[in-house]
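So that we are looking at the same thing, I have put the structure below in structure tokens.
Chain nomenclature is as follows: A, B, C and D, assigned in order of appearance, with residue numbering initiated at 1 for each chain independently.
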Amino acid sequence: MDFGTVKRYLEKEGKEDEPTKIDRLPYKFFDPFIIHGLRTDLVEPGRILCSFNVPARLLNTANTLHGGAIASLIDLVGSAVILTAGAPTTGVSVEINVSYLDAALLNEEIEIEAKALRVGKAIAVVAVELRKKGTGKIIAQGRHTKYLPVTSKL
Amino acid sequence: MDFGTVKRYLEKEGKEDEPTKIDRLPYKFFDPFIIHGLRTDLVEPGRILCSFNVPARLLNTANTLHGGAIASLIDLVGSAVILTAGAPTTGVSVEINVSYLDAALLNEEIEIEAKALRVGKAIAVVAVELRKKGTGKIIAQGRHTKYLPVTSKL
Amino acid sequence: MDFGTVKRYLEKEGKEDEPTKIDRLPYKFFDPFIIHGLRTDLVEPGRILCSFNVPARLLNTANTLHGGAIASLIDLVGSAVILTAGAPTTGVSVEINVSYLDAALLNEEIEIEAKALRVGKAIAVVAVELRKKGTGKIIAQGRHTKYLPVTSKL
Amino acid sequence: MDFGTVKRYLEKEGKEDEPTKIDRLPYKFFDPFIIHGLRTDLVEPGRILCSFNVPARLLNTANTLHGGAIASLIDLVGSAVILTAGAPTTGVSVEINVSYLDAALLNEEIEIEAKALRVGKAIAVVAVELRKKGTGKIIAQGRHTKYLPVTSKL
């Protein structure tokens, strides 16, 4: 595999005017880009349940929900569940891990469940699972560890 | 933390016409969205070195490179390095993990180094590190495990 | 921290005649050393539930169940659950990860639950949780990924 | 796979008088059991290099260094390297992960290298690699995250 092939693989620019479009995307576009379309179905202390239809924009080259998008959904819904467990902030990411178990296809309806495993004074650990809504089959399971910096209480 | 607050946290729609813009994004936009601007500096068997300037679109609410974007960069550059080690495909994701060690700021120049730890007949494992280009300080380090399905050789 | 201090920290030999005792331990003593005392309470396809009283031998210097012992229990019970899901072997370890959430004390009764998340033709992924039996509080949660080599069926 | 088979798999008692021997093992035997025979070759700030000959006691049923023993070595040498980076304690385990890349055989000489990726006020992250001494081939690579509780400085 020569330099040119890898360069082309990595520096794929999208079609036509995509590079220009991407350059014009606004600050902090990442969160809405990932999460647009997510519906929050249930919130209780230490647990969140959401629904999501796999959108075209988040597909990978194999036409399934991108592994990076799955990791990002775990990051985002996992951060939110820390708030439901009483922490004042969602904290700073320390570690994330994801096992990919099944593919999610375009327009497939999935559910995302986040559970707080531990929300302590300094460390929060959450588990997040993505499942196919029809069958309950697990698409991915991950854990996210965050550091909760001490916040002054003025 | 009540339902409404978590719902607003998770269903943030971006400003003004962002929701409409996001709905119009094309198929498989994820890869170019993440990787646009990446420069491939070095490719050798089992190793890739890239440069990247942290773009505004990939910032999180704390104005640093988003953890989900870091995981996605590790996924993408990690997949490419499998090709340099002689595998016919980049395979299917089995597991990814990331430790977040330092923040990367807007426009900061970072380097991304991917190394193939093992590329076997069925399993490939790569390590990817993001560093500040000036000081070499590590921003994140992760590993990505992929399954290489047997491909028929017609 | 000088060389001597770290050397003493790492090369702790145990008391009195322990070094000699350890040298005399038999082949493949690791499994029985970890698992001695484990009781299998429930086995169903894709799920195992065990009980375990934290033994003195597996304590760390803080007098709680050693993190390495917890990882080893996850490895062992996680491997067994692959068999219950119909795989012919427990496979070869690819990856393991563990989040440590709470301490387990000497003689504390814990339960260990292993679930098969996916047992495919080539890859098996299991999740294992250690909980305090009285309260259900989670001590540790981990996932174990194994490769199932193709076995000829003569 | 019926209950009895899994029970026998998990509750393997070792041969002859092993169960009795195991019951008699002393408090906190885990550390010396794993680490006996380790030689510390190099200690510098943020880095430790050790040598180890794979002992019979740490073999698995496939006659290679047990995955649980590898995780335990990563835990132990990884904790020691935190001390070399100036932390007053080795902290409390938050997360560990290991990729298994190659088998280590009985009496094989391996080297274990631990590097501190970050030792902050509250969080320490280290990377540990096990390699075959002759060829440098990687046996396993892992990261260990620890929480460093604030210690009063009397």
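Everything below uses one rule, namely that contacts are C-beta pairs under 8 Å (C-beta built on N, C-alpha and C of every residue); 3 or more make two chains touch, one makes a residue touch a chain.
Each chain and its UniProt protein: A, B, C, D = Thioesterase domain-containing protein.
In this text the structure is predicted, and so the values were computed from the model without any measurement.
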{"item": "Rotation in the CA alignment of subunit B with subunit C, degrees, nearest 5", "value": "180"}
{"item": "Fraction-based call for subunit D against subunit C, same above half, different below", "value": "same"}
{"item": "Rounded Å distance between subunit A and subunit D, as computed from the means of their C-alpha atoms", "value": "32"}
{"item": "Euclidean distance of C-alpha centroids - subunit A vs subunit B, Å", "value": "13"}
{"item": "Contacts with two or more other chains, residues of subunit C listed in rising order", "value": "94-95, 97, 99, 125, 143, 145"}
{"item": "Chain contact topology (line, ring, star, complete or other)", "value": "complete"}
{"item": "Subunit D residues within the subunit B interface of the complex", "value": "97, 99, 101-102, 117-118, 125, 127, 138, 141, 143, 145"}
{"item": "Residue ranges of subunit C touching subunit B (in the complex, touch as defined)", "value": "94-95, 97, 122-123, 125, 143, 145, 147"}
{"item": "Subunit C contact footprint on subunit D (complex, rising order)", "value": "1-3, 5-7, 9-15, 18-19, 22-23, 25-36, 38-40, 43, 48, 50, 56-63, 66-69, 71-73, 75-77, 80, 83-84, 86, 92-100"}
